[in-house]
Amino acid sequence: MAYVRDAWYVAGWSRDLGPAQPFALSILGDPIVLYRSESGRLVALEDRCVHRLAPLSLGRCEGERLRCMYHGLLFDPDGRVAEIPGQDLVPAQARVRSYPVVDRHDWIWVWMGDVAAADEALIPSAVGLSDPDWILGHGQMDYAAEARLICDNLCDFSHLSFVHANSFGASETWARSRPRVVPLDRGVRFERWIVGEPRMSGRGEGNADVWQWYDFMVPGILLMSSAVYPEGTAAACGMNAPAPDRALTGEGVTFTSQAVTPLTDRTARYFYSWGPRRDQGDAALRDMLMGMADQAFTEDRLMIEAQQRVIDATPNPRIMPTSADKGVTLYNGLVHKLARTPGMAIESAA
Amino acid sequence: MAYVRDAWYVAGWSRDLGPAQPFALSILGDPIVLYRSESGRLVALEDRCVHRLAPLSLGRCEGERLRCMYHGLLFDPDGRVAEIPGQDLVPAQARVRSYPVVDRHDWIWVWMGDVAAADEALIPSAVGLSDPDWILGHGQMDYAAEARLICDNLCDFSHLSFVHANSFGASETWARSRPRVVPLDRGVRFERWIVGEPRMSGRGEGNADVWQWYDFMVPGILLMSSAVYPEGTAAACGMNAPAPDRALTGEGVTFTSQAVTPLTDRTARYFYSWGPRRDQGDAALRDMLMGMADQAFTEDRLMIEAQQRVIDATPNPRIMPTSADKGVTLYNGLVHKLARTPGMAIESAA
Amino acid sequence: MAYVRDAWYVAGWSRDLGPAQPFALSILGDPIVLYRSESGRLVALEDRCVHRLAPLSLGRCEGERLRCMYHGLLFDPDGRVAEIPGQDLVPAQARVRSYPVVDRHDWIWVWMGDVAAADEALIPSAVGLSDPDWILGHGQMDYAAEARLICDNLCDFSHLSFVHANSFGASETWARSRPRVVPLDRGVRFERWIVGEPRMSGRGEGNADVWQWYDFMVPGILLMSSAVYPEGTAAACGMNAPAPDRALTGEGVTFTSQAVTPLTDRTARYFYSWGPRRDQGDAALRDMLMGMADQAFTEDRLMIEAQQRVIDATPNPRIMPTSADKGVTLYNGLVHKLARTPGMAIESAA
C-alpha cells in the first residue's frame, strides 16, 4: 500500500507539547522528535543521532537546540550538528533530517515529503479545540492496524448500522442507502440525508431528518458536520443541502475533526474532536457526544484490529468491493495517484 | 511437517457451543467460525468475510445465517453470501468456504479436507462425556508448540518415567520395557503389561499388574484404557490381553479420550477426558484422576514448549530416534503417507 | 557483527551455581547448561538432547552425569550419551557438545571456541568477590540489546557527562577531554587524569585530581581502578600514573570488574562488581558505590536499548565516529581481527 508523503500529518495536540520537552513518535515509519525551543519555535527532527543512532528524544533542549544525551552532540533546529564535545571540526555531512512543522487548528502538522513542496495551504481546515464558535471535546487512541484500514472505514458509513448498532444506535438505513459522493482535489466529499428516523441515542422525541456531510482529505483527515432538522426538511430541500440556520436547536449542528496518522506499517494513531456549535449546544451535549464517540471508536478499533489479524494471516489477501465502497475506491485511487506522482510523493517502503 | 487434511479434527466440546454464539478458532491455520443456527444446525465457515476480510466470528446469528457485523453481509450455512445491504446483485463468487462439521461423542469435529471425501465413519470412537457407562471429567489446554510434538509424546510412553515421575509416580519400567506396537489403517495400537509394581499414586496397597492399551488415531486422537489386576494376572494371561471383568474394582478400568488439534503452525489445543467405568468407580476416583491429569499434562506442556523453543533456535534441527520411538515412527509415517496421497489430502502450507 | 569465539565468556557468579542444580543460558546463541557434579566438577554442555532436542537444563544431576528428563537419556560430562533407557546399544554419534569451563575470580568462564585452543591464561585478571584485599558489592542486569553496543559504551567514557550527569555527577570534562588509549594484545588500555574537579557525588569537600585507568579485554571484560588524589597531583606526576599509596584514604582506590556476555543476537547479560580497597574503605563506601552503580547502569541500559530499537528500525544503519571513538574503533578492530583469524575463531552466525 502506498501512502502520500507530500502531505501534512497530524503529530499530536498542540497543547500536549510543553516547552523544552522532546516528544517522540513515528510517522510513516520515520522516527521523529518534536520540541518547542526557548523562543517557542516548533521543531521536528529525525529522531536518530548521526553518531551512534541514539534517539534524540531522550535528549535535552538547550535554547533553540537539542542535545543528544548519549555522547552530547548538539543539533540545530535545521538538523545540522552544531557541536561535538571535545572535537573542533564538525563534518559537513553531520546532520539529521528536519521536517517542516506547523501548529494550526490546535494540532501539530508535520510535512513528510519534499521540503520544497511543503505548502501550508494544503493543511485541511479542521476546527481547533480553541475555536470560539464550537464547544469541543477531544480524544485519541492507538491502533494495532494499518492506517489505511481506518481510512477505509471512515469512507464507508454503511458500517454504522452494524458496528455502532449499540453506541450510536444507527438504523439500517445507513447501510441500505448511499450518500452522494463527490471527488475533490485532495479528498472526497460525502453528503446524505437520513430521512424521518428516530433520533440517535434518544436525543429528543419523535422522528427527524438528519443532514450529514463530510470531507475526507489526504492523508486521512475527516471534517464532518451533522445537523438535525424537523421531519420533512429533506423532501422540502429536494434532498439537497439545507440552510444551516433551520437546524433544531438543542441538538443542532455538530462538528467533528478527525485525523488518522500512520505511525508504522502496522500501527496508527487516531485523533478526534467533536461537539456542538456554541450557539446551539452546551458542555453537557458535548460530554454526551464524547461518551458516545469513545464507545463507538472503540467498537471501530476492535473490528479493524481483528480485520488486520485476519489479513495478516491470509496469504495474498483480496477484497471484494460492494456498492457501498464507492467513496473508499475513490479515496484510495486518489492516494495511489498522489503517492506515485513523480516529484510529488514517495511510496512508503512498507 | 505435513498434516493430514482429510481427517476430522476436534474443534471443541459440544456443550461449550451455545446457540447463536459464534465461536472462533484456527485449525491447520485456517480461520474458522462455528455456530449453532436457530434450528440447531451446526455450521463451520471460513472466518473471513469476502468483502474486507473482517472475522465473521464477530458477527450475529440470524436464523440459519450469520451476518458479518462490519458492513452487514449475510452468509448462508453453505458459505454463500445471501445479502449485501443496499446492493441488489450478489456476485456468484461471493462465498466463503464451508466445512463439514459433526457433533459426536460430545466433541465437535471439523473435516479439513476435500468435502467429497468427508466420511463420518472416519471419526474415531471416543467416549463422550455423556456416555452412561463412564464417569468422566474433562479439561483442555493450549500449547505454544506444534501439534506434532504432542503427538510424538503420546506415541511414546517411555517419558512417563521421567516427565511424570512426580505426578503419576511412574516407575522406570515404563522407559525400560517396550509396548507391543501394531499398525492400524488410520492409527497405531499400543498394548502392554506393567508387571508387579506398586500402584500409581498410592491407590490401594501392595503390588499389581496393569494392563494398558491405546489407539492413537489420525489426526491426533488417543483412546486409552487402563486396568489394574491382581499380581500374577499378566503371567497367567501369557502377557496377552486380560478379561475385562477380572480388573480390581475400586480402581478398575478407566478410559481416556484425548485430541490434539493444530491451531496454527506453532500452536495447538489439547482436549482430554478421563474417568472410571460407572460400575467400577465413582466421582471421587474421577476427581482424583483428573487432579493427576491436570498436573501431568502441565508437565508435558512445559517440557514440549521448552523443546519447541530449542527446536526453533536450532538451524536444521535433527532428531536421533531410539528404540522407544517405534510407535512414533510408525504414526508419523502414516501421517506422511496420508498427507501426500493425491486426491486424499493436502499438505499444510506451514 | 563478528564476535570472537576463541575467548572466555562469563556465564555467571560462581556462588549462584549450587551443586546438582542445572542452570541454562545462551552464549553467542549457543544453548548451554551448566552444572556442578557430585564430586564438585563444573560442567558445561550443549543444552539440547540428541534425541528430540529437549533442553537438558530441565534434567536431573546423577553423580557426575546429567539425565534428560524427557525420555531419560543420560549424559557424561564430556557430552557422550552414557545410557538410553531400554536400549542396549548407544550410537557413537550420540553426544552433545561439551564446553571448556573454569571457575575463577568468582566467575564461571566458558570457552566458546576451538577446544584445543582453550588456554586458561587468556582469562582476564578480574578481582573476585572473595578477594581479601577488596570490599566488593556485585550485581547484574539483562539487556534487550546487542552485546557490542554495551562494549562500545564501555570504550567511550565521554558518555559519562550526559548519560550519568545525575547518577555519577560527572562533569563535561569527561566528554571534552580524551584519555590516553593504548592497544594491548587482547584489549585496549585507557588512562586519564580528571584534574581539579569537585568530587563525584559529593564524597569529601573541595576539589581533587582523579586518576582512572582501565583495560577493556576481549570478549568484553572491563577491569578498572579509580583513585582520588590531592589537587595538583596530576601536574606533579607530569600527567602520568601516580603512586597508588598517595591516594586519599576514605575515598581511596576502588576497583570494578565488569563482563558483557552476548546471550543471543539481540540480548546480553551484564555482570559487575565494585568497591574500595579494604585498607582504604569500608562496607558503607561499597554500598554507596553500588547504589550509584545500579542507578548509572540502568541509565546506560535505557539509552542502549533505545539505541538498539532505532538501529533495528533503520535500513542500512550507519554510524559516524567522532574523536571520542578512538578506543571503540581500536577495540572493534581487534574483535574483527580475532573473529576472523583462521583456526582461531568462528564468526557468529548472527
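When the chains are written out, they are named A, B and C in that same order, and each has its own residue count from 1.
Everything that follows uses one rule, which is that a residue touches a chain if its C-beta (ideal position, glycine included) is under 8 Å from a C-beta of that chain, and two chains touch if they have at least 3 such contacts.
Nothing here was measured: the structure is a model prediction, and the numbers come from that model.
When the CA atoms of chain A are superposed on those of chain C, the rotation angle is 120 degrees to the nearest 5. Interface of chain A with chain B: the two copies contact each other largely through different residue positions, with under half of all numbers used appearing on both sides.
Here the CA centre of chain A is 48 Å from the CA centre of chain B.
Contact of a single residue of chain C with at least two other chains is seen at no position. Contact residues on chain C toward chain B in their complex (touch as defined above): 26, 29, 31, 47-48, 50-55, 58, 67-73, 84-87, 91, 93-94, 349. Those residues of chain B that touch chain C in the shared complex are 152, 156, 158-159, 161-163, 165, 172, 175-178, 302-303, 306-307, 309-311, 313-315, 317, 319-324.
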